[in-house]
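Each of the two complexes below includes subunit A, the first together with subunit B, the second together with subunit C.
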Partner chain A sequence: MMLLKLITWPYVRKHLLRCTLTTAGIVLGVAVFVAMHTANQSVLYAFNRTVDRIAGRTQLQVSAGEAGFPEEVLEKVQSLPDVEVAVPVIEATVQTGIPGMGNLLVVGVDMTGDRSLRDYELETADETIVDDPLVFIAQPDSIIVSRQFCDKTGLKLNDRLTMQTMAGPRQFTIRGVMSAGGLASAFGGSLAIMDIYAAQMVFGRGRRFDRIDLAVREGVRVEEARQRIQAALGPGLQVEPPTSRGAQFEAMARVYSMTANITSVFALFIGLFLIYNTFSIAVTQRRAEIGILRALGAPRSLIRNLFLAESALAGLFGSLLGIVLGVAMARGVAGYIGEYFGEVYGVGEKAEEVAADPRLLGLALLIGVATSVFAGWLPARNAARVDPVKALQKGRVQVISEGENRLRRLVAVAMLAGAVGCVFLSSHPFFFYLGYMLSVLAVLLLTPTLCTLLTRWLRPALKWLRPVEGALAADSLLQAPRRTSGTVAALALSVALVIGLGGISRASYSTIGAWVKTSLNPDFFITGSETITQRSFRFPESFADDVARVEGIEEVQPVRSTRILYKGTPVMLVAADVEKIARRVRARIVDGDRESMYARTARGEGVIISDNFSLLRRVKRGDVIELAAPNGLLRLPVLGIVVDYSDQQGTILMSRDLFKRYWGDDTVNAMRVYAKPGVDRAALRQKLLETFGSRTRLFVMTNEELRAYIMKLTDQWFGLTYVQIVVAVLVAILGIVNTLTVSITDRKRELGVLQAVGALRNQVRHTIWMEAAAIALLGLVIGFALGAVHLYYILDVAKRDVAGLRLEYLYPYGIAAVLLPVLLGSALFSAFGPAEGAVRMSLVEALEYE
Partner chain B sequence: MIRLIDVVKEFDCKRKVRALDGINLSIDRGEMVALVGPSGSGKSTLLNLIGTLDRPTSGEIWLDGQNLSGLTDDELTRIRRDKIGFIFQFFNLLPSLTCVENVALPLHLRGWKKAQARARAEELLELVGLKHRLEHLPDELSGGERQRVAIARALSVYPPILLADEPTGNLDSKTGAEILDLIRDLHERLGATVLMVTHDAGVAASCERTITLRDGRLAGDEVRAARR
Partner chain C sequence: MSKAWAVLLVAAAVVRAQDARSIVEESQRRARSGSQRYEGTLEVIDAKRKVTTKRWIYERLGSAGNSKAVLRFTAPAEVKGVALLIHNHPDRASDQWMWTPAVQRERRIAYQDRKTRFFGTDFTFEDLEERDVDRSTYRMLGEEAIEGVPCWKIESTPKPEARSQYTRLYLWIRKPDYVAAQIDCFQRDRVIRRIRYSDVEKVQNIWTARRIEVHDLTRDSRTILRLEKLEYDVTLPADLFTLQALRRER
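So, the complex of A and B:
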């Protein structure tokens, strides 16, 4: 401890900027890790809190995924001996259209029984109505809202609110305001309660409920009751405690965590190299200090431990800074993820507060410190091996590196061979990830060798540009390959990360674009909700016939899509007229015979699954999948696999007749509409809106609008990816600044000698600039190559573990072309400070510098 | 050749330190001068000022008829490059360059062609007796050999002024004597003006003139026949 104070602290104080830059990689790595996970957790926490608050005293919930079930199920549940109270619920999010308000969660409940499970805590109410449930029911326009909703909208008790319902526009009267806190604070306070039968009308549920909330009789153990109720209801309905909904939500959020983890690992790896580089140089610079300590009796272990303690402190400092930055970033990311989930899954959750999990922060701290200590290990060992006699002899400073290391090259080649071997065994996840790791490590270990080779090639070009300075810059890199290889490796990692993210983004856009073109070809899409992904509002089946009768319409394909649970994970079930779709859509078939698979699926003999469903759930053609439906367990063979990106968790396509039979649900939530050839589409759209707009809530989206919406979702999905790209580029730039700063300090005497023997200021400046540019170029070249490998693996990770997306390998040349000037420019910009420092330093001091 | 008029040099530490206090001095072309004095007397500071590595706080320094006051850094560098050769106590060779590369470095900085610079460097290394060490790194040489390389580098452009800061201070006495002989030999053959900082009375005695500094002031200036 005393040594840290006496030896380390003065050094840190003297080199504050450099020490801060050194920790940059750790700061950003930890920040990305904390930000993404905290944001995910916060959104999840907000979701769970909403579930919890709405659940009230609910102990178990009966549901059939998102699809709902007929009213009769309620009677059956209520009659079960374990059930004390069971009430129906309809839950849907509605866009308010009020600026800054976002979505409103509308919960439809049966007021007669619901207050035994939920406490509404009304602060103001038309008591004659709300206190008497029968009166509330008798007034189907009654609505209760939260205090926060009133504050945000300026509405008050007895005010009227117009809502577009499936039965046309309806006015609702605010008959109660719930006080803040408790139930009213669910969904960030954007909550409204209405009578369940009114909700059925508003959302077009027919005679169906979304779920049943229940409490078990006193003295009965909840888990035992759950099992008995489940047995009584059969496998088609799920009986779970309210908390299980959080687990399903978590499965959807997992994709973001996975990509965040890859970026964090890369950033930490970059940090590792920056720390290694800086500590290696620090050991060289502090040789005299080490020599004195050794001469005064300090054992080797003490010197090693001193440097390890320093690296641990650097890691601790960087991690703490990263945690603070990460938590700050988490707020923005949480809002972003919440919004995205709202768009894609229809379960958007506003994370009002960012809740950082102490265990996550502890883990981040541990990772940051461990990375730093690992990076400091080799320099610490070298410090312990310093010969005190040599170290104390003035003028015997050694260069940082003696050059190449044959053993390292051999290990790298062995790793490369191992990585190639793993490619052949990559069907097994262990070998796949081992190959990924080995290939990255091999390239990193080969970096000094590659630096030397590339610099030799680069030397003539640099010399051609500036004969003296170019040669000096190239020689400086050639003579101490290990001094710069740490930074080149860090830079290459950053570039590889950017290439990987850019590549996956390019491939996704290309693949999704192609799918949109082939599969989403109707002229119009009619929905009850503002977007195709929201399914809160449903049309009766007959509505499709009404639309089909409109002049100018050639064909209408009613679609009912709903999220159901497949082996505990929410996946998308699409029920449609399969034959009609097959005639219109030439979806890319991954496995199966086009003619027979559509025909058989239309007859209800099986299902067609999406490629990502197949990859993520490990289901092949011919496998039999089990789907729990309210009217019984469905066992159906997979007849074909097609490319379909409707849902990130995977899609099952089945015939609508089969769905109606097993789910007892004939509603539709979207219609694919084809116009007759030659019909004016704009006029037809207007006609549809005029004909049905007053009758029902509906949105008519043109093909172009839907495509634009899907591309907007893709943009949103990659929005955070671009943030990660910016972080990676930032780390790369910091790496260059760091290296140049430490490199100039390390070479203070060398640069002094250069000027003492006649180098002009501009010659020194140009030398440093060219060296910086050369470092950037080396990092870019190695990074482009490593990026190609990284992209290969990351595409496979996306396919097998993240989204089941079979993406084409498309190298992001555009991004590479942008990176080239950005990093070269950054390198030159970063070099200005160190170059000016070098030419302005005192030559006398520089020549005496050890 | 070298003229100093009322030269003062102060360093801004916690307390202002006056390292040189009104030095007036003149050294003629072709002289070989020893600069002696106790530690901290200002010898190296004076050498650095004459060598244009540093600037005086006040006073004038003239080299070869040119006043150094008011010159820019690049102008000073050009003077250093063309007129001054440095020999340091700790050699100050670049550890990553071979002997021949170290010697050729000042020539490259002047824009010489590679072959031309190499030929001159080889010639100089032969002159200092190191023809067999051309491709060696400084780390592979003895102290005396390193100093020979440093001398060869200092002579690369045959400068009229050779400044040496304790050139034998880091060497054993036998090697020190050899280096001294070499410097004297070069001085006689090339006719360069040599100014040498030394603690060694023997080294000082071998010069034709000895200037003594004490507490930043000129304390003695003795001219005599040099002892070989």
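So, the complex of A and C:
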């Protein structure tokens, strides 16, 4: 402690900027880790809390995925001996049109019995209406909203609220206001309760319920009751506690965690190199201090521990800052993720409270400190090896690690060989990820060697540009590879991260774009919701025939898509007229015979699955998959695998007849409409809106609009990726600033001598600028190469573990072309400060010894 | 509705000393009629003494736990047309469906919901059932006068298969005419609901209470039902008591 106070603190105070910059990598790494995970956890927590609050005293829930089930199931459940209370529920998210309010979660319940499970705690109500369930039911425009909602919107009891219904915008009357807390605070308070049968009508749900909430009889164990109820209802219906919905949501959120983890690891790696770099230089600079300490009898272990303590402190400081920054960023990220989930999965959740899990913060702190200590370990060991005699002889440099370079190169080559070996065994996740790690580590360990090699090649070019300054800059890099290789490695990692993220983004756009072109080729898409991902509103089956009768329309393909559970994970089930689709769509077939697979699927003899379903669920053509439907368990062979990006968790295509039979649901949530050749599309769209707009709620999207919408979703998905790219570039720039600042300080004497022997100020400036540009160039070259490897691996991660996306390997040359001037420019810009510092420093101070 | 418990209890029998069960049986026998029709006026007085009024028409075919009944609201406007169809069974709890014209839907009232309040009144759905005498066991507790009229005080305990919300009931049956004077409904050891029958009149040779007051002791609210235009043995078509008929009547 005393040493830290006497030796470290004055050093830190003197080099405050450098020390701060050093910890920047840790700050950003920890911040990204904390922000992404806190945001993910907050959204998940908000979702669980909503489930919990809506569940009330519900002990078990009966469901059949998003499709729901026929009303008759309710009586069956209510008649089971273990069931005390069972009430039906419908949930729908609707737009209110109130600016800034987003969606309102409407929960349809049967007010006759629902109060047995849920407390509405009405603070204000028209007693004759709300206190009397039947009167509430008798008036289908009745809704109860939360106090929070009223406070936000300025609405009060008996005010009218417009909500979107199947019959278009309709006014509802607020007949009760729930007190804050409990049920009222579910979905961030944006919650409305209405009669379930009115909800069925306004959302076009037919005679179906989404789920049944139940409480078991007193004295009956919930798990035992669950098993008996499940056995009585059969496998087509799932009987689970409300908490299981959180697990399903988590599966969807996992994709984001994965990408966040990769970015965090890279950012921390960058931080590791920055710290390593700074500490290595600090050891060199503080040789004299170390020598004095050793001469005074300080043991090697004390010196080593001193440097380790310093790196631990730097890690602690960086981690704490990173945690603060991460928590601050989490709110924005949570809002973004919540919105994205709402768009894509239709289960948008607002994380009103963003609270970091102390365990997560502890882990972030540990990772930050451990990374820093690990980075400081080599410099600390070198510091401990300082020979006091040599250290106290000014101008004499002790070569500490002659043998290390050879060893490092050997290890790097071995790792490279290991990585190549792992490629052949990469079908196993362990070897895949080992290969990934080894290849990155090998490139990093080879960085000093690569730096020396590349600088030698670069020297003539630099010399050609500026004979004196170019040679000086190149020599400076060659003479002190330790000083620059850490920064180059950090820079290379940043560049690789950007190349990886940019590459996956480019591949996704290209692949999804190609899919959209081939598969989504109808002229119009008619939906009951603003977006195709929302399925709250549905049309009756007959509506498709009505649309088909409109003049100018050649064909209508009714589609019912719904999310079902496949082995506990929500996947997308698309029920359509497969034969018609096969005639119109030329989807890329991964496995299967085009003619037979569509024909057999149309006959209900099997299903076609998407490529990502196949990859994520490890299902091959010919495998039999089991689908739990309300009317029984379906066992169907996989007849073909096609490229389809409708859903991140995978898609199953089946015939509508089969779906109707097993799900007892003949509603439609989208229609693919083809116009006759030569028909004016704009006029036809107008005709559709005029013909049906007054009768039902409908949205007619043109093909271009749908494509734009899907690309917008892709944009949203990559929205956070772009933030990560900015972070990576920022860290890279910080790395250059750090290195140059350190470099100038380190070369104070050398630069002083240069000026003393007549070097012009501009020559010194140019030397430093060229050195900065050279560091950036080295980082870019190695980064581009490492990025190519990184991209290969993350495309595979996306395929096997994230979204089952088989993305094409497309190197993002455009991004690389942008990075080149950006980082070179940043390097030059970063060099201005240090260069001016170098030319303005006191010669007397610089040449004190001489 | 007025006959829910009265039907159980109002009857005539031998005037001699009897056991508890036979008194209840006699009460039920005396109240028996082929059908019934009345217009009811409901006054609900909540804990804050706010009064709301509703009106309905009640029609019943059959009696003594083997009957069908339709109750249709006529006022106020917000509940007009809402109806309840009850199929009473002698051996099990009744089947009940509610019809809501605004959504054109009938909904089944589950057994579990029978303890919930009916139409914002202090009656529960269970209180609307006609129960056969065999669905409870009885014990004579003694004799007590209610409003000056001598009564038998009988404890009635619903059998488990009745799936009643009540643990037991205390019935006061008027000695002179076998009409129920009061019923105390217990949940465990607490009286939660008290039903008082008054304005007893002879209508078409059946002694009937024309005023029924239910006091919910937990909420401290009261519901008073007055029976008007009461008729027995009116001609009512059987198909009036079906779901199809509910859907037709809008």
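Just so it is clear, the second predicted complex is superposed on the first by the 832 of 850 C-alpha atoms of A that agree within 3 Å, B and C clash if a C-alpha of one lies under 4 Å from a C-alpha of the other, contacts with A are read in each partner's own complex, and residues count from 1 in each chain.
Rule of thumb we're sticking to: contacts are C-beta pairs under 8 Å (C-beta built on N, C-alpha and C of every residue); 3 or more make two chains touch, one makes a residue touch a chain.
Fair warning: this is a prediction, and the values are worked out from it, not measured in the lab.
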Applying the document's definition of touch, where does A:Q763 land relative to subunit B and subunit C: first, second, both, or neither? first
Taking the superposition as given, does A:Q479 touch the first partner, subunit B, the second, subunit C, both, or neither? first
For A:A471, select first, second, both or neither according to whether it touches subunit B, subunit C, the two together, or no partner. first
Which partner does A:L754 reach: the first (subunit B), the second (subunit C), both, or neither? first
In the superposed arrangement, does A:A86 touch subunit B (first), subunit C (second), both or neither? second
Would you mind writing out the residues of subunit A in touch with subunit C in their complex? 74-75, 78, 83-86, 110, 112-113, 115-116, 127-129, 131-135, 137-140, 195, 197-198, 200-201
Complex contact set, residues of subunit C against subunit A: 46, 50, 52, 78-79, 81-82, 98, 100-103, 105, 107-113, 116-120
Touching residues (chain side subunit B, partner subunit A) in the complex: 48, 51, 53-54, 73-74, 77-78, 80-82, 86, 88-97, 105-106, 108-111, 139, 153, 157, 170
Considering the complex alone, what residue numbers of subunit A touch subunit B? 394-395, 397-399, 467-468, 471-472, 475-476, 479-480, 749-750, 752-763, 839, 842-844, 847
